[in-house]
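A, B and C label the chains in the order they appear, each numbered from 1.
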Amino acid sequence: MLDITAAEIDGKLADAKSSLLPLRVDDLVYELNGVRIIDGVTLRVEPTGCTAIMGYNGAGKSVLVRLLHGLLTPSAGSCRWAGNLSASEISRRQSMVFQVPVLLRRSVEANIDYALSKRGFKAPERARKLEAILHETDLLKLRKRPASVLSSGERQRVALCRALAVEPELVFLDEPTASLDPAATAAIEQILLRAISAGRKLIMVSQSVGQVQRLARDVIFVHRGRIAEHTPIEEFLTTPRSAAARAFIAGELFEE
Amino acid sequence: MSDFTTAFTSAIGLIAGFDTSLIEIIGLSLRVSLSAVIIGTIIGLPLGAAIAVGRFPGRELLIIVVNAFMGLPPVVVGLIVYLQLSKSGPFGWLQILYTPTAMIIAQMILVTPIVIALTRQFIEDANADYDEALRSLGVHGWAKLVTLITEVRYSLVTVVLAAFGRAIAEVGAVIIVGGNINHVTRVMTTSITLETSKGNLGLALALGVVLMLLALAVNAVAATVRRFAPKAAYA
Amino acid sequence: MLSKLIKIIFIGLCAWTNTAPVYADNPFILLQSTTSTRNSGLYDYLLPIYTNLSGVDIRVVAVGTGQALRNARNGDADVLLVHAKSAEEKFVADGFGVERFDLMYNDFVIIGPGSDPAGVRGLELATAALETIAHAGATFVSRGDDSGTHKKELELWGGTTVEVDSVSGTWYLETGSGMGATLNIATGKDAYTLTDRATWISFQNKQSFEILVEGDPLLFNQYGVIMVNPERHTHVKADLGQAFIDWLLSPAGQNAIATFRVDGQQLFYPNAKR
């Protein structure tokens, strides 16, 4: 794992088309009704592990991941993906899990199969992938259930399953466990850890320092639409550079 | 109150007696209104869906106009359709004035705005919930529209029922373009109008009860479909 | 191209509703008619006799005389059966009809509540009765719909000193509706109104109402029959229409009209001139 990563970072791998990452973001701006919600973000996202995005409510975290995922169009600046890929190929290699899972009114497996078919997987391959991902996310028992009768923990597990089923290189997660109980959160985190070790890149918005500690390799701390700091996890937890992050970790309300 | 009791009793009597002309009238009512609703749905559903997810100049204005058209007066629609289908009108050569076909056209014009407006509202609401998730999955354009329509399918049953309620209950349009011709274009509502004008208030009320029972039956069928369809979908 | 497409769609629609006149099994003619002849049940009695005889269906659209004349003017009829002689003569003179024939008659009557608050019972002159109603300020309900009965009523008011236009909405109420609806309103409001005798006799919601004034020659109600001019509207089924009119005017048709009864009473009196 680590070898490949290092090779990619150094740009030594000849077949650059094999990866979206690293992602370079230059001076990204997003304005809505004259308000700058994202105000000049520049960063670089490395190819593996989990990158956490943290920050206070309203800091712009959700908008930032949507800009990166392409759900929002930036007012200025750019996201530059590695590998000279077409726009459709770039979006085909990503998926996203939202804070409130949006499932279709059909069975669990029909939800997963829907995503697979929309991503262009053909019939025999689809069935195989469906079995594998249901197994991996521990949803085999729930596969025939209507999505509408699931608990919120189960719903989020299905949403995550759907996001992973399409075999993305990169998964965005916007506070996926924000409204879940500890058991459901642990189940989600287990799946995320497996995904990380399988080589998927995660970019996850989270408010939980504990969760970030368990999952993330580096932390982007967003404050008032800007990057307050982007540091490795150990450094972020022990010696955050920005006053905002220090206050956040200390659990204090930050006053500028 | 005794008027209603009498009307109800005679309504039951009318139905139980299998009065052939009543059966004929009920059959024509259903055929005309269901046809109008089916055609109105085929036209209105895609249009409503398109307006729900489309972004084009004049969209807001179009929504206001379509919503207003839900209140089209049947008699005005009847008059306009009459002027089109009259021998002196542009479509006189079709020779369909005073036929059930003309009645279907008039009712279709009445129900299509209802189908468009309500479909738009339901799909627009669904789109607000699903938009990001579907775009994230790479679902755009027609595929997205089909998914949204599938998602709101049970609400669309209500849309169709609202349209049917409008069609089966209106008299102003069908009496003008159908002419209330005995055995040809006489339906429940025009019969009620006729019996009222003859002073047969009891019979008119009984026919009214039959009409309401008819609407009840259609709604019961729809409710049954709605109740059992989800189970079938997950089987 | 477009009209071809529309034609295909409509033929499909017609096939599905299997009722398009063009493809109907029985030949038929379209009769635009006044409502009194339909509401009294005359057609239910008369038309099956003719259909059995000729194999031709008569499709009746019953509306006020004014609307019937307008629909026929538009070509939406083969034969016209109404009761407003001067309007009918104008229709023929304008070239919309071939020829007008007297068919039958009955009479108009003034009806009102049995208590007769204005005191018109037994008056011989219809105009005097109307004048009395007006002076008593009793409610009078008018069709107000340009029908044959309405035309007759206005003609009668013309023979009084009352300007009904100026009192419309006070004691003089214009319903703008058919005879039946107007009778329902009259009985509901304890009001007087003018009606043809046939509609009144077959009307089922009379309550305490009675015929109060009848027999004035001015109340004569002549029905006429006209074929729509095929030279003006080429699709008019001239042969079928003429055959129907010929039968109505023949001894057989006239006799059939004379034998029609409601509650034992004759409602229409044939008076064809040939």
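Here is the rule we use: a contact is a pair of C-beta atoms (placed from the backbone, for glycine too) under 8 Å apart; a residue touches a chain by one contact, two chains touch by 3 or more.
Quantities reported herein were computed from a predicted structural model and do not represent experimental measurements.
Averaging Cα coordinates per chain and for the whole protein, the chain whose average falls nearest the overall one is B. More C-beta pairs touch across the B-C interface than across any other pair of chains.
The greatest centre-to-centre gap from chain B, using C-alpha centroids, is found for A. With centres taken as mean Cα positions, chain B sits 47 Å from chain A.
Chain geometry summary: the mean Cα position of chain B and that of chain C are 33 Å apart. Mean C-alpha position of chain A lies 79 Å from that of chain C. In the complex of the two chains, the chain B residues touching chain C come out as 31-32, 35, 86-89, 91-92, 94-101, 104-105, 179-182, 184, 194, 196-201. Listed in rising order, the residues of chain C touching chain B in the complex are 6-7, 10, 13-14, 16-17, 19-22, 30, 35, 39, 43-44, 59-62, 71, 73-76, 178-181, 183-184, 202-206, 233, 235.
Put simply, chain A touches chain B in their complex at residues 66, 69, 71, 88, 91-92, 94-96, 98, 102, 104-107, 114-115, 118-119, 144-146, 162, 166.
Put simply, chain B touches chain A in their complex at residues 129-130, 132-133, 135-139, 143, 147, 150-151, 230, 233-234.
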